[in-house]
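Have a look at this one before I ask anything.
Labels run A, B, C and D following the written order; every chain starts at residue 1.
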Amino acid sequence: MSPLRWIILLAGLAFVALAPTQMKNYGVYLTTLWCVYLIAGMGLNLTVGYAGQISLGQAAFLGIGAYTAAIMSKAGVPYLAIFPAAAALCFVVGLLLGFPALRVQHHYLAFATLGFNMLVFLVLRNEEWLTGGTFGINNIPRPTLFGWRFNRPLDFYHLTFAVLVLTGVLMAFLLRSPWGRAFAALRDNPIRAESVGINTTFYTLMAFAIGAAYAGIAGALFAPLVQFVEPAPFGFATSLSMLLMVIAGGSGRFFGPALGSVVVVLLPEWLRFAADWYLAVFGFLIVAMMIWLPGGLLSLPERVRR
Amino acid sequence: MTDFLQLVIAGTATGGCYALAALGFTLLWQASGTINFALGEMVMLPAFMMLFFMSVLGLPLPLAFLATLALSLLVMGYGFKRVVVDPLIRHDVITLVIATLGLSIGVRQAVKGVASAQVFTFPSVFSDTLLTIGGVRVSAGDIGTVVVACTIVLALQAFLNRTVTGRAMQAVAQNRDAATVLGIKVERMVLYAFLINAALAAVSALLITPVYLAKFDMGDTLGLKAFYAAIIGGFNNSRGALLGGVLVGVLENLVGTYISPGYKEGVALVLFMVVIVFRPQGLLGTVEERKV
Amino acid sequence: MMHRRTALKLGAALATIGLPAGAAESEVAIHNNVELSGTGVTSGSMWKMGVDLAVKEINAAGGILGRKIAITHQDNQSQPQIAKAVATKAADAEPYVMLGPIFSGDVNVSMAVAENAEIPMIMGGEAANLTQQGMKYLFRTSLNQASAMPKLANYLAKNGVKSMVVVWGANDFGKGGRDAMVKEMAARNIKLAADISTEPGQMDFSPVVVNASKANADALFSYMNEEESARFLIALKKLGYDKPVYGETVLVSQKVIELAGPAANGAKGHVGLSVDAPNPKVQEFGRKFMQAYNTSSDHNGIKGYTAVYLVKAATEKLGKFDRKAMAAAIHGGSFSAAQYPGLLMDESYDDKGDLDRESYLVEIKDGKQVITEVLPPVGKK
Amino acid sequence: MTALLEVRDVHKAYGAIRAVDGVSFSVTAGEILGVIGPNGSGKTTLFNSILGQVKPSAGQVYFEGADVTGMGALPLSRRGIGRTFQSLQVFGRLSVRDNLIAAGQEFSGSAAGRLFARPDAGLGGRAEEIIALFRIGHVAHLPAGSLSYGQQKLVDIAMAFMASPRLVLLDEPCAGVNPALIDELTELLLRLNREHGGTFVVIEHNMDFVMRLCTRVICMAQGKVLAEGPPEAVQSNRAVLEAYLGV
């Protein structure tokens, strides 16, 4: 990266870190939510944008992470153990979801992942003994880490932001490593990849599992943020928003989800005056964007230059 | 046993509606490789068009249906092809998937904006009499739905196999280049597929809305079930859509009754998962070569 | 909260993450957190219309203690976590009172926000557990399930129902009602012949009807939200279910009658609030509502309407705008409809925020609610 | 010296059609074997049978003495068989340099090791060598998908050499390539053969190219080997002429 980009990145990070100190509770809540979605979006960007798999099931992993955090923290497990547990559980489930991807592609995979999302949703709703069913789980405590209680909205925001930066750095590291190149090779041409020794089975599974683990971490932050979990936020609609987040920003671009999650999470708030019509316009804009700018918002400069 | 038969009949009626929507889906896929995620909205939209013609213009149901059919052909047939699919079909499948997902959000929210998020009643084309056949109670509406759905599927099958146009459409579905060489007007055949899809959606709206009630998000579950039905039956086979639709409709009722109502919605999904693992081409489908 | 002044400066730059414009000194801000989309849209729209009607009337008559009401509605999409976010946002703007939500699940999650901000919250939820958690700022606008169900169960037992099928929607509301009803049934030796859950937003009810018929019970009790209730009634009719069908409030509500059409005929139920109640004030409200919106109000319309009038009544009784004092005043307070006509009926609140008043047993005949019996308030028994 | 690749009586039938009908041949290290034959003579099916893309109906394929019959693309590549495809197969959104590194990075170390390896997986030097050899330095930083057809073809072939394979199978390398580039390609392959000990099997229609490049040629027709021998001998073989001209 050029020095200019570093400066822009650091300035952006400083802005995101400090802006909520000037906001009221709701503003802090929204910004925190944006960070949470962004973490899940980064994971999905790995699966969809870098490794070229299509997934309509990211919200299910967010849900698994959130319920893991809710159930464990209610049982008194410290958050220091909850974050890795949520990530690990989602990693394993993501690995399982990767198996259909080895057999089917494209639209079949879209439906398979979508179906997985529905299945998780049904389990969350029907298995009341574990998940509280439709009543959900209320009064989830905010985390305490290293003796520090993140109870106030702003404190919790800073924790979330720290996790966001950490996961972002890890993702950048992963993408710069040979793994990142293997994921891209898998996306661009899986058959060629096999013939040059790239184990596409392994990398497909990893793309799903790591992407899922990111959603798991996001979920483990979602639960204490809202302090309440129930099945609805982890339905297909959220998976769809997340996919839109990745695509709208620019799939396979590191900062794509950051921009995309602004569009999906924050823009509706700013466009509140348009009420229902906002989402209608949003939907049609997606169609228009796929027609004229399939590379997402971040591909705009290249399009203009060309 | 009576319960069982009653469930099967009711399930077949619901499945028939899934099948009609699924049929449109497979036709589009065969003709142009279009994956349409806005399928459910294409059933919801005609329902609201009919409501508009009936309540605002005061037309009786049959006239309202004809007007809706014409409008559907124009907007969801021709318009959908020209405005959305034609510019996108060059790109990969994912682009089209995302675009039609966007379209479904747009259409749904626009209807919500115009007609509010309220639920509306919808008159049935069939009388609400109840027939008792050998102790099994069956509603005239269910029988009517099954008859209409089966007639349409069979008629379409006959059209595709027996008429020149139908065969030309099949030729396009099997091999575009060869069809072109044979002098078939490929683009026109593809357009026919879109028009038939729109008409099928309008008919399923007519059949299913009296039971489901008209609501802006009614296409949500319907669209999904239709996809699953299409894949279960076989993506590239018209009769497969009927089989898949009925299978899903009937099994949902049976699972909902005898196993667990909570997991009724998961039936289509589990069937689908089983099918893609053991028979990815669907129950009646044929294998498509994986392209390098 | 500490940085409000700086927030003003930076707020503009951030195009912030909006707060509704603060109410002017001559106005009193009321925030309505309501289900205007999602599964609760039917209830939410009715509630909102009732609220709007009351606000219009009160403002036309000079407001509360000379201050006009500035009402803000915000859609919570019938989703608890959004309802909570909406409540958080509302609490930031520090309104005088918060109205809504109507769905018990939404109330359950947002009530802590009102409690922490010490803002009275007048809601439409009916689940029994809401008021059992010792909230100081939470008030109902209708009877809760725990007090409604005994009334209905008594009636059923009296009419010789020995076994009953219970069909309920799988959400807080439906599950809460089901649990309350099953408890009352057990107390009266009514057998639970079948216990059937349905999905929120379920379309196809045929399996439910078949299951219910199979149970061969004396009666069926249905406890779901409006749309599902209507679809269920249609399916019952379609498959020829011939046992009496009972409900509580929703099943026999105006919206369900409208949606289910002739299929609703014959359904019976207990209603806390009905525009057809033999009470001139309620009927007068029904006419005004019909005139304003060209549709008949259901119980949620009445709930919304009386919620606003409760604010007016409590404030005027107090003689000043003071959230804490107002909340304290409603607890254990009684408000008579003679003194405050907008309340429509006499209301008395206990120390938990539950209210008590008379209620009715109705049957749907020819698409209309017909009151068959008036039940006095529990407290007057 | 034992054969590097040995194909023993391979058959492949699709229903009644015998696409490959008992083909045997072997390739020793340092050879450039050409496979020619008219369209539909079974060359590509033979290739696919060797490379595990289709499973032979009968017969065996041995590589360095080990039975590799029916093995998939991945294990074959790991054993040291490189290949190119008839159509262009590059990683379109990766730069040319990354294409090359991607084609070599999986051959050493463990998966976990690669996660923590340097971004270029220690292959930066090797990639530069190949880039210089193929003279594609001026486009090395560009996305491979943005290059001209000929340039992509070079990248495609270069990728097959990245991991120093012991055998490379080239499927119609000259298809769609201009004459100047064909000359360059011929020279390049000969140099790889001479200086780096490269062993190739080449399917090709361009006779001129085959004549200049190959040390030995097999001509196939109707799934069988019609003739085998030095290029000139095969070219002048009567049966071969008949097969081509349909005399």
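Note that in this section contacts are C-beta pairs under 8 Å (C-beta built on N, C-alpha and C of every residue); 3 or more make two chains touch, one makes a residue touch a chain.
From a predicted model like this one, the values you see are computed outputs, not experimental measurements.
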Pair joined by the larger number of C-beta contacts - A-B, B-C: A-B
Chain closest to the assembly centre - both centres taken as Cα means: A
Most widely separated chain from chain A, with each centre as the mean of CA atoms: D
Approximate Å spacing (C-alpha centroids) for the pair chain B, chain D: 48
Rounded Å distance between chain C and chain D, as computed from the means of their C-alpha atoms: 75
Rounded Å distance, chain A centre to chain B centre (Cα mean): 32
Distance between the centres, which are taken as Cα means, of chain C and chain B, whole angstrom: 38
Chain A, residues touching no fewer than two other chains: 125-126, 191, 275-276
In chain C, residues with contacts to at least two other chains: 37, 170
For chain B, residues contacting two or more additional chains: 112, 117, 262, 265, 292
Interfacial residue positions of chain A with respect to chain D in the complex: 174, 176-179, 181-182, 184-185, 187-189, 191-200, 202, 252
Interface residues, chain C side, partner chain A - complex: 1, 3, 6-7, 10-11, 14-19, 37, 75, 79-81, 84-85, 88-89, 91-92, 105, 108-109, 112, 170-172, 174-175, 200
Partner chain C, residues of chain B touching it in the complex: 3, 6-7, 10-11, 14, 112, 116-121, 128, 130, 132, 137, 139, 141-142, 210-213, 215, 218, 221-222, 252-254, 256-257, 261-262, 264-265
Touching residues (chain side chain A, partner chain B) in the complex: 54, 100, 103-104, 106-108, 110-112, 114-115, 118-119, 122, 125-126, 191, 240, 243-244, 247, 275-287, 289-291, 294
Complex interface listing, chain C residues touching chain B: 36-38, 41-42, 45, 170, 196-199, 201, 203-204, 206-208, 210-211, 213-214, 226-227, 230-231, 234-235, 237-240, 258-262
